[in-house]
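Down below are the structures I want you to see.
One chain, subunit A, links the two complexes that follow: it is found with subunit B in the first and with subunit C in the second.
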Partner chain A sequence: MSGAVSFVGVRKFYGTVEAVKNVDLAIKAGEFVSLLGPSGSGKSTLLMMLAGLEHPSAGDLLVDGRSIVKVPANKRNLGMVFQKYTLFPHMTVAQNIAFPLTVRGVSVQEQRRKIADALRVVRLQDFGDRLPGQLSGGQQQRIALARALVYDPPVLLMDEPFAALDRKLRLEMQDEIRRIQQELNLTIVFVTHDQEEALRISHRVAVLAEGKMQQIGTPKEIYEEPANGFVAQFIGNVNFLSARLDGWDDKVLVALLPDGRRIRVNPQALRPSAAPPGTPLRIAIRPENLAICENSDNALGSGTVLECVYLGEKTTCVLRTATGADVTVVIGAHDPKPQPGSHVAFDLRVDTVPVFAEAA
Partner chain B sequence: MGTVHHRPDIAADSPRDLSRLVGLLLILPAVALIASLFVGPVITFLLRSFEGDASPFEQYTRLFGSDIYLRVLIRTLVISFLVTLTCLVLGYPVAWLLSRLRGWKLALLALFVLLPLWTSVLVRTYAWTVLLQRNGIVNSVLTGLGLTDAPLRLLYTDGAVVIAMAHVLLPFLILPLWGSLRQIPPEFRSAALVLGASEFSIFRRITAPLSAAGVGAGCLFVFLISLGFFVTPALVGGPRSMMIGTLVSQQALDALNWPFAAALSAVITAVVLMAMPFCRRLFLVTRAEG
Partner chain C sequence: METTPARMLSGFEWLMLALAIAVAAFLILPTLIIVPMSFGTDGYLNFPPRGFTFRWYGEFFNDGDWLRAAWFSLKVGVLTTVVSVVLGTAAALALTRSRVPFGGLMQLVIIMPMILPQIVVAIALLLFYQQLGMVGSIAAFVASHACLAIPFVLFSVSAILKRYDVDLDAAAYVCGADRFTIFRRITLPIIWPGIASGALFSFLISFDEAVISFFLSGVSDKAIARKFFEDVELNVTPVLAAVATLLTLATILVLAATAFLKSDRK
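Take a look at the complex of A and B:
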């Protein structure tokens, strides 16, 4: 099977600004990988380099082991769906899908068969004669997808393709692209700034910030074992607590909180050799791993309720502790909602904090 | 649309009706000015083409009965066509470049395109006579390089008229074309490239069809203005390449034959009006695609 993609030591300078800093990423054939990061993280630049619309300042790009850096964009034979709708307005849907076939000199008969196939894949069989202006945003992106797939590219590149759609349609399109990916066993490189989208659709997520690769891993790894504070904060919500390293219990780290309480923490990248007792720590705890508790004696901490926000399946409360830090706690749908201004204690729901400690 | 929409009865002082009234009042001065100083005189003048001793169509009989006048009319159409073609060939690359440039480069090129519009047509035409005359710059260069033995006859030819008119009218093609090229999102080019298209395919299948309305509008501008052009053909063309504008002026001012001048004007107006439905179709296409 073809479609393996590698970034090898890729760097990109715009003038003196380094937009992409030495990125390595190996994507297997048939894998769905999201490049996730805030704007300016270099994720789109990486995709544009793969497409041939930007050129790396250093490093190499490989597709199935062959370097494509010197291959012009129109000879790379990759599929791409853009954020902006890029269907050509003067061509019908069928003519748009035929475009990559026409420029490749495919016979009209073959074209007709392939267009019908592509329209079936995106479930818009009867739309061939329409003009793009007569389609909704979601339909236009499906046609753009059909156009990008009709010439059987080994790799499909997607640059925030659903960012302009409303939430419900976006979720639908995410399911759709996952179904198509499995059906055709495509390699997909998907750029997004939406962490929920990345977790939902990808086999692996590559988190980028300021041009640097922060972490590459499965959605579960990214969420539960973030490599650093940036990833922890960017993927979901997180509370940070200050502590000192107390000791090691096998591979689990024991941290000492300022009030004298000890908690067990997943050490992530910290190793006993590098982190002796007494090392200052920053501990990240997900709001869903905290709970409001009755008894404040053995609690992790306490604080004044600032506000509670109802979000349907859950409610989140923000507490301000005595040290002035804000802690977010998730309350179950059936639990009583604390009154703003009241003083409550909070504790861990778990034995070991899954996320995480780093040297402060 | 089969349904009739009944608007609820709105009193005349509703904001919508008020704004319509204000709109009418605002365009009234312009309408009055154009009606009294332009439309009125033009109609009066064109009506004079039916003056004649024998029949009301005497002027037209004379016009269509003579080879000379028909030849001038046909030459006018041919020269206007050639001017339009020259403008298109010279103007398209410039308009394309304008649509791709940004910042100070755009400002500089746009300035060069607009500069001719700020200079008098008369001045520019005299400049061409200086360039093209027997011992002018062009002939000096040609003989100096040894390309010709004797100076060429450049001035007072149809070629001189076409070149000089194209120079004067070039901005009228570039500006609308630039407008329509600028509307093509740059993402179309990126998308087409990734889909495998060569630069030539991108031009032929995307840029050209999407700028067709701009080409049409620009060509129409140039062609219509060319039909009635007077100063340039009169100065660089000379008597043997006379165009209808020169003929009208000659008849009205030298021969003092106003009815015949009016008949010639009526013919050229009719040609322009025949081009109008074509013009409308072009603009409709633009709207459907936009």
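Take a look at the complex of A and C:
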């Protein structure tokens, strides 16, 4: 099977600005990897370099072990789907899909068969004679996908392909691309700034910020064991608490909160050797790991309810603690909703805080 | 689509409509008056004309001088169109697509002949081509008319290029196309309406152009506009009205073709 992709020490300078800082990433054949980050994180630049539309200032790009840095984009034989569909407006759907085949000199009979196949994969069999302008956004993106797949590229590159679609259609297209990925066993490199999308569709997520790789891992790893504060904050919501390191219980860290309470924390990158007792810490706790509790005696903390926001499947409440920090707590659909202005206590729902702590 | 229900025009709208019609009539009527004059039987220009005859059209088509001038203007027009389309499109691509040093200044230089008084341009060109001994040559005409026509091609092609999504070219490139194929199969078909309307305008500008043609015409190789000037001065007959009518008709046809192209694009 082909389609393995490697970034090896890839860097990109624009003038003196380093947009991509020494990125290493190995993607297995048949793997679906998302490059996730805010704008300016370098994720699109990485994809453009893979496509051949940008050139790395240093480092190497490998597809199936061969360097492609010196190969022009039109000879790389990779598939690409852009954010804005980029269908050729003067060609019919069938002519659009035929385009990569005609430039490769594929015979007309072969073209017809492949176009029919590609249209079947994206479930738009009867649309061959339409012009792109006559299609909806979702349909246009499916055709762009068909055009990118019709020449059987080993790797499919996708640059925020669903960002322009409304939420319902976006979810539908996410399921669709997962189905196609499994059906064709494709390697997909998918750029997105939408963390929910990245978690939903990928085998692994590569989180980038300011041109640097922050963490590479499965969606579960990224969410439950973020490597640093940025990842914790970017993937879902998080509360930060300050504490001091009290000691180690085997591999679990015991942190001492300012009010004297001790909690057990997953230490992530911290090691006992590097973090002796007394080290100042920043502890990240997901809102859904906190709960409002009746009894304030043994609680993690307490605060005044600022506001509660109803979000359908859950309600989030923001509390302001005595130290002035805001803490977000998720309460279940059936739990009583605290009144704004009331004073409530909150506690952990779990024994060990599964998120992380870092030296502050 | 919702349709607006039909309703009566208000007094103000009636007034505006009447004003618009009056302005249009003011602009068009003097041109149209020449049409009935070309069919009058009198041997001089007369309004209102008396009688009805095609005689003056017949004289035009039998007059070697007129036909030579028309043929000369036609050749100049076609060559001017070709030159302007190629150079104007290239300039539009360069100015919108890449970072040309002094791009703004360059654009200004290109459209300069359009802004300068035509008589100034004409005299400058006359002196220039006199030095080269090229007065009356087709090359001098084509080069001079192209100066006037290139800005129109530049504008009409740039207008489309500014809305052109360059990611289309990137997509075609990743699909496996080389630069030439991208230009031929993607860029050219998309900017084609701009090129076509630029071409029609180029031809009209060259064919109808009078001032430069007056100065650059030779004794035997003269543009139709120059022949017109000469006959107005020396030989006023309704043939002039017939020629004017034919020119007006040709112009209307070309403009109608442009309008058709534009509606087709939508």
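Following the convention adopted for this analysis, the second predicted complex is superposed on the first by the 360 of 360 C-alpha atoms of A that agree within 3 Å, B and C clash if a C-alpha of one lies under 4 Å from a C-alpha of the other, contacts with A are read in each partner's own complex, and residues count from 1 in each chain.
By definition in this document, a residue touches a chain if its C-beta (ideal position, glycine included) is under 8 Å from a C-beta of that chain, and two chains touch if they have at least 3 such contacts.
A quick note: this is a predicted structure, and the numbers were derived from the prediction, not measured.
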Fit or clash - subunit C, subunit B, common subunit A: clash
First (subunit B), second (subunit C), both or neither touched by A:Pro154: neither
First (subunit B), second (subunit C), both or neither touched by A:Gly211: neither
Touched partner set for A:Pro100, first subunit B, second subunit C, both or neither: both
Residues of subunit A contacting subunit B in one complex and subunit C in the other: 51-53, 73-80, 82, 84, 86, 88-90, 99-100, 103-104, 147-148, 151
Contact set on subunit C toward subunit A in their complex: 165, 167-168, 170-178, 181, 185-186, 189-190
Subunit A to subunit C touching residues, read off their complex: 51-53, 73-80, 82, 84, 86, 88-90, 99-100, 103-104, 144, 147-148, 151
Contact footprint of subunit B on subunit A as seen in their complex: 51-53, 73-80, 82, 84, 86, 88-90, 99-100, 102-104, 147-148, 151, 157
Residue ranges of subunit B in contact with subunit A within the complex: 185, 187-188, 190-198, 201, 205-206, 209-210, 289-290
